[in-house]
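Shared between the two complexes below is subunit A, which has subunit B as its partner in the first and subunit C in the second.
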Partner chain A sequence: MTLAVFFGCTFIAFGPALGLFVFTIARDPLRIIILIAGAFFWLVSLLLSSLIWFIAVKASDPRDEPLQKGLLIFGVMFSVLLQEAFRFLYYKLLRKAIEGLVALSEDGCSPISIQQMAYVAGVGFGLMSGAFSMINLLADTLGPGTVGIHGDSQLYFLTSAFMTMVLIFLHTFWGILFFHGCEHRRWWEITAVVVMHLAVSGSVCGVDPAPSRDPEVLRDVPVPSHPCPSLHPGGKSGHHLLCNIFSPELGDPGQSLWGRHWVHLRQPANWCGLL
Partner chain B sequence: MSEESEESVPLLPLQQESLASALFNTDQNDNSERRRHDNSERRRNDNPESETNGQPQNNIQQVVEQDEEEDEELTLKYGAKHVIMLFVPVTLCMVVVVATIKSVSFYTRKDGQLIYTPFTEETETVGQRALNSILNAAIMISVIIVMTILLVVLYKYRCYKVIHGWLIISSLLLLFFFSFIYLGEVFKTYNVAMDYITVALMIWNFGVVGMICIHWKGPLRLQQAYLIMISALMALVFIKYLPEWTAWLILAVISVYDLVAVLCPKGPLRMLVETAQERNETLFPALIYSSTMIWLVNMAEEDPEAQRKASKNSTYDKQAPANQTQNEDAEADDGGFSQEWQQQRDNRIGPIESTPESRAAVQALPSNSQTSEDPEERGVKLGLGDFIFYSVLVGKASATASGDWNTTLACFVAILIGLCLTLLLLAIFKKALPALPISITFGLVFYFATDNLVQPFMDQLAFHQFYI
Partner chain C sequence: MAALGVFACPTLSWGGANLSSPVPSRGEMRGCFFPPGSCQGNSVERKIYIPLNKTAPCVRLLNATHQIGCQSSISGDTGVIHVVEKEEDLNWVLADGPHPPYMILLDGNLFNRRVMLQLKGTSRVSGLAVAIAKPSPPQGFSPGLKCPNDGFGVYSKDYGPQFAHCNNTVWNPLGSGLSYEDFDFPIFLLEDANETQVIKQCYQDHNVPRDGSGPEYPLCAMQLFSHMHAVTSTVTCMRRSSLQSTFSINPEVIDLLSQYSIPLSACAFLTPPVHALQIDSHSFFWNIAPGAESAVSSFVTHLAAAEALHKASDVHLLQRNIMFTFFQGETFDYIGSSRMVYDMEKDKFPLRLDNIHSFVEMNQVALRNASVLWMHTDPVSRLNKSVEVQVRILLDILSNSSVGANVTLQEAGYSQPLPPSSFQRFLRARHIPGVVLTDHRTAFQNRYYQSMYDTPENIQMQYPEGLSPEETLEYVTDTAKSLAEVATVVARALYRLAGGANNTSAIQADPKTVSRMLYGFLIKMNNSWFQSIIKPDIKGILGDVPQHYVAVSSPVNTTYLVQYVLANLTGTVVNLTKEECLNPEKTPSSEKELYEYAWVQGSLEPNSTARVPYCVRSTVRLSKALSPAFELRQWGSTEYSTWTESRWKEIRARIFLVASKELEIITLVVGIAILIFSLLTTYFINAKADVLFSIPRDPGAVAY
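Moving on to the complex of A and B:
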């Protein structure tokens, strides 16, 4: 894919967030720290939720497709709830920080208000969430291949980019709402945020086709590959590869691998365009 | 740099610089009701200009009273600004390393190992591999411990020439040889044709300017840039020549060693810092990244250089009479402050000047033991070894992780948060602290967790195009 796709998708996904960052956050060191700490909190919540999912998957039968699917949806819901829980924890931490700043300052007012912190925390959550969703895709766009060569939608990268942008904004707004609700003890605001988050994640989940479909039939939504060949000889034995991106080096297009099945592929080290 | 630059006039008391600049900015902007964080921004913006011409600000009398109240608040505010002043170079170093790893395949190719890690990791069994990597890590750490102890011993017995010679040789190696290799590999990657004469000229200029900047004097930004570059080069060497498991083990063990060496009473690094403080010297500039120019530690009258410069001007002499008129100050040496600045200052806060009495008063303040260390703390310093090992961690993550960019990003955020926490502890404890343990621990935890737990989860989510 071309550089145009790369830059286009990057700026669609991260352009508004970058603008927010440059104009409102970059000037104040305290806000930058709150941003990075927000990203960290999101990361920790993701880590814990993927730990739970991983344990659940390992404990279950890997061949049972609907179960795996169900576990994944459970993982998504659990992750959403955990993210909101960490947002609450972050709110607590920032409250303590504000009290500390107020105590230390001369004129009794903190250099940054809780609303500003809410905004920055939301942007931090959103940026990290968007980055984790989008960065590998963007790296893929720099490599060779053609999107949707088997008749799927050609707009995969574009939709992902837009979705990421939307999600960054949503996290920002949810941050503001959530902190406002916590601040003024309005529980309905907090529950509204949680319900919205669940709704957004759930509605995207619902796009998926039913598991009983014939594996040979192509999916509606094309899925990018994530080829990451191991670069050193003693390394991993192969790599999971879902591919709708046809690369000439793979050989016969009829053998290019498709479907919802995980496929093991041994990649030659010099193929991967990501690195 | 350790000494003031040519054009600086460091004759005015510098302990109060941070407090003074707060006041200076407040006065200059004539907006006392403006919020303090605007002042810190302005201070941050002003500092780059003031760093290279060495122009300190001071307003002494009022500063003296507000010293203690502002000290605590400034610790935290101070901290936020300096956290960012360290975030930026650490980020730059990591960006350089990751960009190189991703584009230049030389640094991910296995071309043998260092002599410090003689055991190979290409073994048949996992147990053998684990054993070899433990042995490699042990040898490497012993080498590092021995070298550190040697350095401390040399420093204690004042063998400065040997230390300087050693540092000069190692910087020569980095600046000329490693950068030559780096340049060569970059040219090979991008298939750029280049002749030896041009390369010789480039490397010669790069190296000589680097040596001057690092070991002698130079613009602050250039010195910082060179320190970042040599840290990145060293990190790339480590990434290339350390095998996998050895690298992770070394990172883990060296953060434990750093903790021990800096905090234990008999730790070599702690002894080094304490000896340097006793002798009132700065530590070697070639080993430490400093976020601001290192000002003179003492008041004007104690400093021989200042006295040399001021010898023509009796104003700053210890034995000078108490009445110093302002005209005399202004005529003799205005310290870089123009007439109208001084008039403005006088209009706002009354005519004061730096007299020996006021300086003595400031020196007699109880918090002086802190302020005498202030110039070193004011510009937060980070050892180059910390840069190197942070970059090794992130570089290894980007080179070998299956999660690729996700893992890299996770390690990057983890290291920054670790650095932030370390600086917070520094602001609280106000003494030399090890910068490796927290960041490396977070980095390692996040590397292994993201690579093994988060990546399969994100893969599945991407497969189904779920968004969380």
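Moving on to the complex of A and C:
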């Protein structure tokens, strides 16, 4: 849809995060390190959950639709749980880091508190998850077409951008809440974060706004190299993050009319799983 | 007596991709990881675009002075779709429509010169997709020239000026010359009716004006990519290519149209009669060249005549030898025949021009009117007494050979020149006595000359319903029978010409072979007979719908197949093992210089998937058909063909919806607003954090 939409969606999705970064994180190198490490932890959690899901899909029969659907739901839930587990691991790591920082400092005080670390870690998780959510869409906004030829809403890009913005905020809040819960041993806070995360993931994946007239969405499944089936025939589909990690080289040689073989990322449409 | 040498077949000096896919491409393998917008196949992309897979583009071809064909911009041309099914619909595109530029979906019946020139003149058209008309347009359609290969034949202002430039006879009156126009927008052919229907449905849903006002966004649009690298003319293109390849800057921009011609000689050379014709065709679109009447019918008849002669008992004892030749590239100013004449003049061919006793050519023989076959001769060379005598003998032999067959041979007479034929190139070099056999006396009977409608239906090939592919392969159509009769007549005449004295009634062409060849070359290449006669390593060339475009990477499928069919029909099976067959020089009695050995796959054993391969010995050779202009490096030659084809990177088409500019601007504005708002808010909250989040507690509390 051209540059206007590309920039519009980028600013909507990442504008607030940019503001947070520029004014609260960028000036302190320690915070930047924590941000990047947080992003990295999120990435690793996604990698592991993708690996598990990929193995599960490869081991199963690609033609069995309910099984594939079930595997996808399982994949999403497992991914959410793994992300929270990594958040906990990161918390542990940061706790250790604080001890180290206290030892290194001159006045026995850590230059950064655990609450600040929680906030920055949340932003880190959010940014990376937003990036995975949005980058492919942004790539498609540069082409001349807009969503809709199969009956989907035209506002797809706009809503995706807003969802990404919300997602980044959510991760930030969850980070703060989670670390607070771990710090003060309030398990209900941790549980609340996990439950909220599952709920948001599940609700977005399960939304089926208009039945897609695209039967190809189902045909994704039989191609053995393609591990990204859709959630259900009408749905907005699957866990494309899992696909993102696991199928950079996979994909079918489509468009071979002129003998040119595209090797492309096979991902289902997207709203899931970045959460 | 000249020995048969192996014809050198140097590889094409300018690039050209290999023939690994059924449709040869000159694009590149591209890995796609994250470059924005160029990845195909992820679901978001599938929500947006519907790719059109069964299309054929119009590409750019260049000759010494001009460029023809079509071109798109480098990142494709986009336009709002408008379906034009009648002439009135054009007004919307040309004047009334509020959302130019338009991408037109044109009905095949409106694809004529008048409409196309109107579209060429306007800037409101960004591209064209033509839906192939089914059934073929009844009034005929030919995008070729009215006077094919004018200026490269034998008639010019110095030789028969009254016949030059079709002054005397217009051979292709339906020719609109559309293939030879230069368009600056892309034109694609939609071969699949389902895809055409999808486009029309999209148009109906979004683009039809309602209640008198214009249609509203989002609108259905199409994007066509067919950017051609070459421009202006062959001279410019070769110059640029040579500069680039000298400095290794970029890949070449142009490819020479070239092929291999197939001469077959029965034995030693002693003034043989030459029997020749063309095997290629062309239509407006790339690699769409069914050529049923213009090429296939004649070369199939030719092959059948070769088989009939081969079966005659005393063919080895004939006084003269017969050389059957198939020329490629004749559609483009006689590439194949001009190269062969050039090679003969320069002694690079085992045969010399003065060794040729006579020349018989067959052109377009499938649409005979009342079983008449016309014999055309060159009136100018017949003014010479000795040539006249020999031509007379030739004509008499031909007429006598038709006695008893259902073919009436009639002379076209002195007032008629030769039709466009390969023989004209030979006449340019020497006054050889020769005859061209066609089914038309003046204008072509073929109303779809050099177009995509020159299909089996054009030559009335009809099969009954419900036959399996094997049964269809073996079924003998009426067209096959009629072509077999022509082949019989020609074979008998050649026998007489070569000095045969016996009764010719035994020489008969087999309608079954003709039928199988017609099926294979026109309907389905991948049939059991073709599979059994080719080498195992090239079985990939048997694609589905046969096309006979000359192309740049050689040899094309048609050349290979004709070579192997000829080898099968005129060769002998020899009892050699695979190693001996593939290395005949090691066997003492193989006479490698005289014969070619091919190890072919053979047919399937019954109830098994294994094949029984065998060795075929034949005298079929390939000879390079690159225009002499390229050998001599005369890119601007007016003597020889200088046709080249542009190179391109990608060719594809897709449809999608476009959003209104307002929505795009709103998105951008909202984005900028959110960005600025969030920056300001964050700044203020951060600056005033101690005020906003003050907790009246001990200093150990942390603030954000």
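Here is the rule we go by: the second predicted complex is superposed on the first by the 206 of 275 C-alpha atoms of A that agree within 3 Å, B and C clash if a C-alpha of one lies under 4 Å from a C-alpha of the other, contacts with A are read in each partner's own complex, and residues count from 1 in each chain.
Note that a residue touches a chain if its C-beta (ideal position, glycine included) is under 8 Å from a C-beta of that chain, and two chains touch if they have at least 3 such contacts.
Because the structure is predicted, anything quoted here is derived from the model rather than measured.
> Name the contact category of A:23: first (subunit B only), second (subunit C only), both, or neither.
It touches subunit C, and subunit B stays clear.
> Kindly classify A:150 by the partners it touches after superposition: subunit B alone (first), subunit C alone (second), both, or neither?
It touches subunit C, and subunit B stays clear.
> If you stack the two complexes on chain A, which partner ends up touching A:140: first (subunit B), second (subunit C), both, or neither?
second
> For A:2, is the partner it touches subunit B (first), subunit C (second), both, or none of the two (neither)?
Second partner only.
> Between subunit B (first) and subunit C (second), which does A:115 come into contact with in this model arrangement: first, second, both, or neither?
A:115 sits against subunit C, while subunit B stays out of touch.
> Which residues of subunit A are in contact with subunit B in one complex and with subunit C in the other?
Residues common to the subunit A contacts of subunit C and of subunit B are 135-137, 139, 228, 230, 240, 260, listed in rising order.
> So in the complex, which bits of subunit A are touching subunit C?
Going by the criterion above, the answer is residues 1-2, 4-5, 7-12, 15-16, 18-20, 22-24, 113, 115-116, 119, 135-140, 142-150, 152, 154, 156-158, 161, 165, 212, 214, 216-217, 220, 228, 230, 237, 240, 248-249, 251-252, 254-270.
> Help me check something: in the complex, which residues belonging to subunit B touch subunit A?
Touching subunit A: residues 35-37, 40-41, 44, 69-70, 72-73, 75-77, 80-81, 83-84, 87, 102, 105, 108, 110, 121-122, 244, 399-400, 402-406, 409-410, 413-414, 416-417, 420, 446, 449-450, 452-454, 456-468 of subunit B.
> For a test of understanding, state which residues of subunit C touch subunit A in their complex under the given definition.
17, 20-21, 23-25, 27-37, 39-51, 53-55, 78, 202, 218, 220-221, 223, 650-652, 654-659, 663-672, 674-675, 677-679, 681-683, 686, 702, 704
> For the complex, which residues does subunit A have touching subunit B?
For this pair, the touching residues of subunit A are 27-30, 32-33, 36-37, 39-40, 43, 46-47, 49-51, 53-54, 57, 72, 75-76, 79-80, 83, 100-101, 104-107, 109, 111-112, 128-129, 131-133, 135-137, 139, 160, 163-164, 167, 200-201, 204-205, 207-208, 221, 223-224, 226, 228, 230-236, 239-240, 242, 260, 274-275.
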